[in-house]
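Across the two complexes that follow, subunit A remains constant while its partner is subunit B and subsequently subunit C.
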Partner chain A sequence: MSNPITSIKLVLLGEAAVGKSSIVLRFVSNDFSENKEPTIGAAFLTQRVNINNNTIKFEIWDTAGQERFASLAPMYYRNAQAALVVYDITKPQSFIKARHWVKELHEQASKDIIIALVGNKVDIIENDESERKVAREEGERLAEEEGLIFFETSAKTAENVNDVFLNIGEKIPLKNDNSSPNDTTITEDQRINLAASANATSEASSCSC
Partner chain B sequence: MTENEGTIKLDNLLCPICFKNFNNLQKLNAHLDIDHGFIDESVGSRTSSLPESRTDTRLHQKKQIKRDHWVKYVPNSSLCSHCNRLLSKSTRPLNCRKCGNIFCKMHCTNIVKLNIDAKYDPINGKWFHCCHDCYTSKPGYKDFGASADLTDDYISLRNSRREDRSLQKLQLENRLVHLADGLIRVNKKYKGKPYYAFKRRNDISDLERSITPWKEDKHVSRCHICQQPFGLLSRKHHCRLCGSIVCDSISRRCSNQVLLYFLQEVTLDLPYQEHITKKEQMEMPDMSVRLCSRCVNIVYSSRKIEQEKKESLSMLLSKYHSMSTVVKVIEGTLPTFEELLQKTETTKTEKTVPNSNDILSLAKLREKLLRSFTTYTVLTKQLLVIEPTNRTEKSIQDSIKIVSAEFINDKLLPLKNIPAVLSPDKYAKEQSDIPQVKQFSEIMNNLSVKEVKAYREELMVLKEQSFLIESMVENAKALRKFDEVNTLSANLKELSLRSSEIQKLLGENGFE
Partner chain C sequence: MSFFSSLREKTKILDRITESFTPSLTRDEKFKLQYKLPSEEAILDDANADISFISANNAVYDESKKQNGLKGEPVAYIFSGKLYLTSHYLVFKDAFDESSCVLILNISTIKRVERSPSASYSFALMVTLYSSSQLLIQFIGLRYKSEQFCELLKQKLRENIPNAKKLDKFLATCYSEFLISKNVLRRKDILAPRAGLGQHYKYPAHPEMAKEKAKLRLWFEYFKENGENLAIMKNPKFTKLVRIGVPSRMRGEIWELCSGALYLRYAFQGEYERILEENKGKTSQAIDEIEKDLKRSLPEYSAYQTEEGIQRLRNVLTAYSWKNPDVGYCQAMNIVCAALLIYMTEEQAFWCLSNLCDVYVPGYYSKTMYGTLLDQKVFEAFVEEKLPVLNDYIVKHDIQLSVVSLPWFLSLFYTSMPLEYAVRIMDIFFMNGAKTLFQVALAVLKLNADDILQADDDGMFIAIIKNYFRTLGESAHPDSPDIRYRQITKFQELLVTAFKEFSVITDSMIAQGRHRYQKGILENIETFVKKTQVRHMPKTFYLSTDDLSNLYDIYYDSIETHKISMGTGSSNMTFEVFVQFLGKFCDWCKPCQMDKDPAFKKQKEDFLRKIFNNWDSSSLGELTINDVVLGLEKLLTTDLLESMNYFFTLYDSDSDGELQREEVLEMSEGLILLTEPWRSGRLVDFLTKKSIEDDIAEKIVKENGDVIQSMEEIELPTGVVIEEEKYKSEQSERYLKAASSFLQRSFEYAKSLDLSEEVNLIDLSDNEDDSEAKESKRKKFQSLKHNAALDPTHSKVIDLATFRMIILADETYELFFAQTLRLSIHLNEGFATSSTNKVLKSMLDGIIADGKRVAEQVRRRVDSVATRGSVNSLDSGPQTLGGSITRSEDIDDFTSEHLEEHADLLQDSLLDIYDTSDHEGGQTSQQRKLETLKPRPVSEGNKKEDLIEFEA
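What follows is the complex of A and B.
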């Protein structure tokens, strides 16, 4: 009763092939696949996390990085509470794109959106530091300027992946019992919410058939 | 055939199949029957018991083929070496003259040429019965007859024909040059002397006859080209280049009076010494040469066609050419498009998610087709604007107009179906159908081409995403994750809202 479920709408942005889907896959199913197919449109995944006795449900929209799907992105970041802007530390171009995304988010997204800047593929530079093309300081500086959370991660070795999400979860203002119940918030005592689910099914069935 | 045997003596008879030489018809016949299997039942008995062999055996009666290797026939115990049948007098036991084994008559029917030592001798040997094995093992035996390569003969024949033709052409051209030069000179000579008309006529006639020997009238009763008999109405005329006698039929065009000016104009590459101007030709319309249709073809028409080929196409034709290339593109793309459409539709009815790659390529193909159609209509419009120079062009223009209208009607139909596949619900489909129909009408659009393109792309992406989300909803339902269903269907609503928004934008303005 004291720990309500808060759901966070989170959107992943970034250039194609920086590892957005891989990060999500690591976070949701703790898995990694070497040759991932490019995402089409936007994929939807959920994951529950316990932070300080609060259960947080992440509703993750993993958008496609390819340019032709760029028009979809606004639909997903418009009412998102959190955004992960991902770049590839071995590709300078992806960092430039990340800057653009941060700028666009500040202009278009909701004011109190929490943005995390993530430099992915740290595993590549583990053995050979010369592979790194975007300095850690560069990322840190951008994060500081824009007030972002900054992490360098590796979806392959799972380094820092969960930390990013936990950090976001900590920063999200928790819904209290006192606050008016929202559509997206389901409290523990409303566990037996058959009505809600029945409602959902009827709604869905009327739509698709 | 029997007549030939007695009367005609041919020295050199070639087998038409293997090109062996034979000195008479009978031998050739026997060879054909035996070696190439032309035996038929009715004449079989005659060919196998050739009278020729009878005479030959009489000649060589003393030199009989050796028999010491023959297997002896023993009544009631000898068996056919092929079929193991007990041999008796009624089955006519026979020794193979080659190997000497004993056979029944049925299995010793082949004939080979052997010498008296029972060795194969295709040249000097005589025909003898042998078994199948000896027959097939003779040197040079082929199951399917012999083959001969005649390519070189053919090539040489063809080359000689071609040489003949080019020589003939050269000859005709030389004659033409002489004739034209002579005619012009004669004309110059008698210019302004109307009283010498008869003499001029005579000179011309002499000149013409000096160019080529004319065929004698009395030997010819039919036109050289159309083979129609001459008479009172169809008179004889001589071709001035080849000298043959032809008729003057207008319908068959066996011969024609060709004006010298036009002749020279077309055959400018020939070494004329004198030239006739257009003005001179107008003054003297009788300065012409009678040519038969063959000579016209050889000297005149081939050049004329070459020249016309070099001339650039008229506006109308060039437009039509580009139109037909567009048509080719459309006709090449449509089948693949329809196939893909079918595929996507079936997956849709089976409630599975269509392959996203399929949808992508479908959209691409459709865009390509639409673009081609637009170019097609633009070209048609441009073509119809061209002012026709004569009646033929006018009629060509009209028929192109009809054909292009029909073409668009025919081919545009399948394109209308596509939004049904891509749209998530009926509402969107109805919406999108309207701009489809409108797109070729002449609507001035407020959106620029670039904007329209961008909107259309966005629409495509939106519809794709709707598809994906729909399948996700199904999945979530199956896994009973109803909270996800809520979120997803909310997103689906958002998507369809946006897509209908864009469709409204496009629908009012039409596609490009």
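What follows is the complex of A and C.
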């Protein structure tokens, strides 16, 4: 029953203001705030979740998105087992940046790094589809080509945010046992449990020092 | 390193950056840096002097006289030291201990200067200031030197008269003036000058009124004794007052004063407003980035939840991005600026931010953030030296120090500490400079060392530090039985550790560290930037990764003003740079003799301009590296059709798929220009090359006969004299003809354009040999163009299909688009070495050195001869070999009998190589060794009649 805790070092990359920090805040504290300070350098946060009776501890590096911080990124994605490459579905430029990040990760990061491509801010197009500037298919195609997990999320409404992390979490232990990803259907209960599981509140630490 | 060697005077800012990184500063530079004076303030003269400051609001009285019932004479301390004069300032520093007295006095604050009788000094001046305070300067040393100093001072005083008019307005913005007016002159009616957002939105964690008031009083006393703002004497008390924490109301001015921003603001009054006004409504990348962060800058401070606060922040960040476009905007600046604006007006914050970015933390916010990376390296070295145990632990556990410390430096602790503590660090930072950051950072590590030594990964390390910063206000010794100990907060403990224990960290140590690691950091950045940029270049088919990498080097080598590692200067290419850039690796763009001809030069420029505009995807009149990549990709296509199509689109300015008469003429000129290197014989195209090879092969076969059985056996003469002129003129002829035919055909095939008469008037196919005839041909050609251009009757001339047909009708032009053009672009070669006069030489070298191809030709000939031998009976007449040479000899001519004879002949030719000195007219360069083939031993005494020679 009590399996050892698996740690996953995960890094978030993407253009400034696409919502990286917001996604992390949503995942770690189930919270959202319109006005957050931009991340200087990088912020570090942790969150534990239970997947199939395995406790997984995410060690999350949330990086600064501005172009000129790119030279610092290797410092944060070194040894990372997983990466979230985030773009804003209302900002085409951010999708181009996402492509670049995927390319860089494939070239520079650990060879078997698991990458999730995340199109954020879907809540914006809920009322007005014309706000969408990056087609879902475009994201899907890139994910297909590069072998990435793909989700469209909203840090604001929490849509799909946990799923991204759980999906990554499932991919990691899969390397050891042969259970198919379909075995781990996440019920709503489990999802709510996520934040509370394994004293998540005390474990979740955010830092912008 | 090329970066350093090529560093030239560019901008003042860049200069200052490099200066502060290099320990060897000039006296002037050190002086300006030390007293935070604007860059214009070079030392004009200096003098040894004793000075005393006699305050108008005398705070110090001679107590003994007071007892006698007199009001008392004011007493003033006398300091001995050095006095400096700059264009706008008088600066004095104590000769024994600089910290005991430094006076910085703007000349426009001087109201009157008089000679003063002095008993003990030969020469003294009494300087009266606007505040009625006085400065007594008693000169020491040679009288004529002192006189000279006075003379200069007088001159500067006169020059400063216009500035004096700005003084009143400026002083009205200083809180120190307000304090004095209110308390000395007892004026109750005056209002405090406009200040930062804190004035209305409250200052963060504002201390109780009593404490603020007490601190303000201390400053008031200080100003009374020592002057204020533009005429102030700084002594150890000043340092002390800053250390105990500047009162919120006074903070803005003290930051300005310490950072020198005050001097900039005074010198450039109105500049801030002007920058904003001039750039109103403009957009830039920096502005987009600023906009994203406005609501994310100290959002917890109430003013930044209002439009007023946001607008001030927007103004200052935007103005700075226009003032220093090399930096533009960097995340973290928003937070620093937001903090400044709590205590300062927009204009004050603007100058303070400028000095902070340019002087205090140079390169921190640059496009590559090299300053940040460099200081992290310097910091790591300090940790290694000062905290060895901790350092060993960190290294052993593979914890990366910078992940924790980088944000401290970059955001000056604002994102780490609660605001009220960060501003205290800032008080000292502005007074003592960047070393403050290192001292505090080291103290933080030291004070948390016990806990950090328990951490085993980055995460725990970060958690420890975060928790520490959150509890800075708590007692440092909560368990101490001594109440006084319990009252010491962690923050106080931090300050003591930082500024006592780590006071060993000095400016010069930092400068040395920066100097030591600079080269490595900048190289790393260059490598990183290149890797990233090459990776992000558009997908290319004809350009290999190596090509792209070379292209990157040539590109940035051309834009000399751009410093990759520092991220300064524009990385885009203007037309002028573009021309030089292409000239480095495109044969047809290399500078050449013809450039001297203005007409040619103009044509060349027109043609290059066409390419430039075609590549300029953003139509901004500048190319990016990606534009260049995509453009070259089109030129380098190996597809004949694509290549022709692209050339067509260059001239089809309205992209209607049809070329107007004018455009056809332009195109023909473009083609002539583009083919100039081949026309002038500087370069050899494939047709010529092939004909040279054929001729060589022909000779060899002639010499060796059918004796040659395998490639190894082929013996080639090692001396080959190539008659350059013959091939040159043949090729030149061919290109001229191609140009003529092109134009002729264009008008022939042009839809309904009746030019036939003119065309028929000119016989373009004659075979002139002499230059005179060539010249007349050229003239005819010119007139043909002229006539065509003059014809007003028809506008449409040719479409794409016709154009292709015309090109394909000519072997030379067809080859040009199929290959010649593409091969004239050399991205894979060392671009720096090739010079024009070497081109033909190396070309011929290429042909000959590539003996394989010649050998191949030889073999084909021999094979074909052998075939003929075996089918002897069928052979009935001459056969064509290698396409161009017809041989009529019978197989029987190549019998073994001839073997020796041929061998001998070859030896003859060999001799000739060693005999070149006998040749007239320095033919040495025309002789080529066929290196792939073994030369035979030289035998003496033979004649040169059988030399393989190519002569007219």
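Note that in this section the second predicted complex is superposed on the first by the 171 of 209 C-alpha atoms of A that agree within 3 Å, B and C clash if a C-alpha of one lies under 4 Å from a C-alpha of the other, contacts with A are read in each partner's own complex, and residues count from 1 in each chain.
Simple rule for what comes next: a residue touches a chain if its C-beta (ideal position, glycine included) is under 8 Å from a C-beta of that chain, and two chains touch if they have at least 3 such contacts.
None of the values given here were measured: they were computed from a predicted structure.
By the touch criterion stated above, A:E137 is placed in contact with neither subunit B nor subunit C.
By the touch criterion defined above, A:E129 reaches neither subunit B nor subunit C.
Of the two partner chains placed around the shared chain by superposition, subunit B and subunit C are both touched by A:M75. When both complexes are overlaid on chain A, the residue A:D112 reaches neither subunit B nor subunit C.
After overlaying the two complexes on the shared chain, residue contacts for A:F44 are found with subunit B and with subunit C alike. In the superposed pair of complexes, A:K36 makes contact with subunit C only, with no contact to subunit B.
Counting residues of subunit A touched by each partner, subunit B versus subunit C, the larger count belongs to C.
Taken together, the two complexes place residues 40-42, 44, 46, 59, 68-69, 71-72, 75, 207-208 of subunit A in contact with subunit B and also with subunit C. By the touch criterion given at the top, residues 7, 40-44, 46, 57, 59, 68-69, 71-72, 75, 183, 186, 196-197, 200-201, 203-204, 207-208 of subunit A touch subunit B in their complex. On subunit A, the positions that touch subunit C within their shared complex are 16-17, 34-42, 44, 46, 59, 64, 66-72, 75-76, 100, 103-104, 107, 205, 207-209. Contact residues of subunit B toward subunit A in the complex are 356, 457-458, 461-462, 464-465, 468-470, 472-474, 477, 481-489, 491-492, 494-495, 498. Note for the complex: subunit C touches subunit A at residues 289, 292-293, 295-299, 305, 330-332, 334-335, 366-369, 373, 400, 402-404, 406-408, 410-411, 415-416, 457-459, 462-463, 465-466, 469, 525, 528-529, 532, 535-536, 567.
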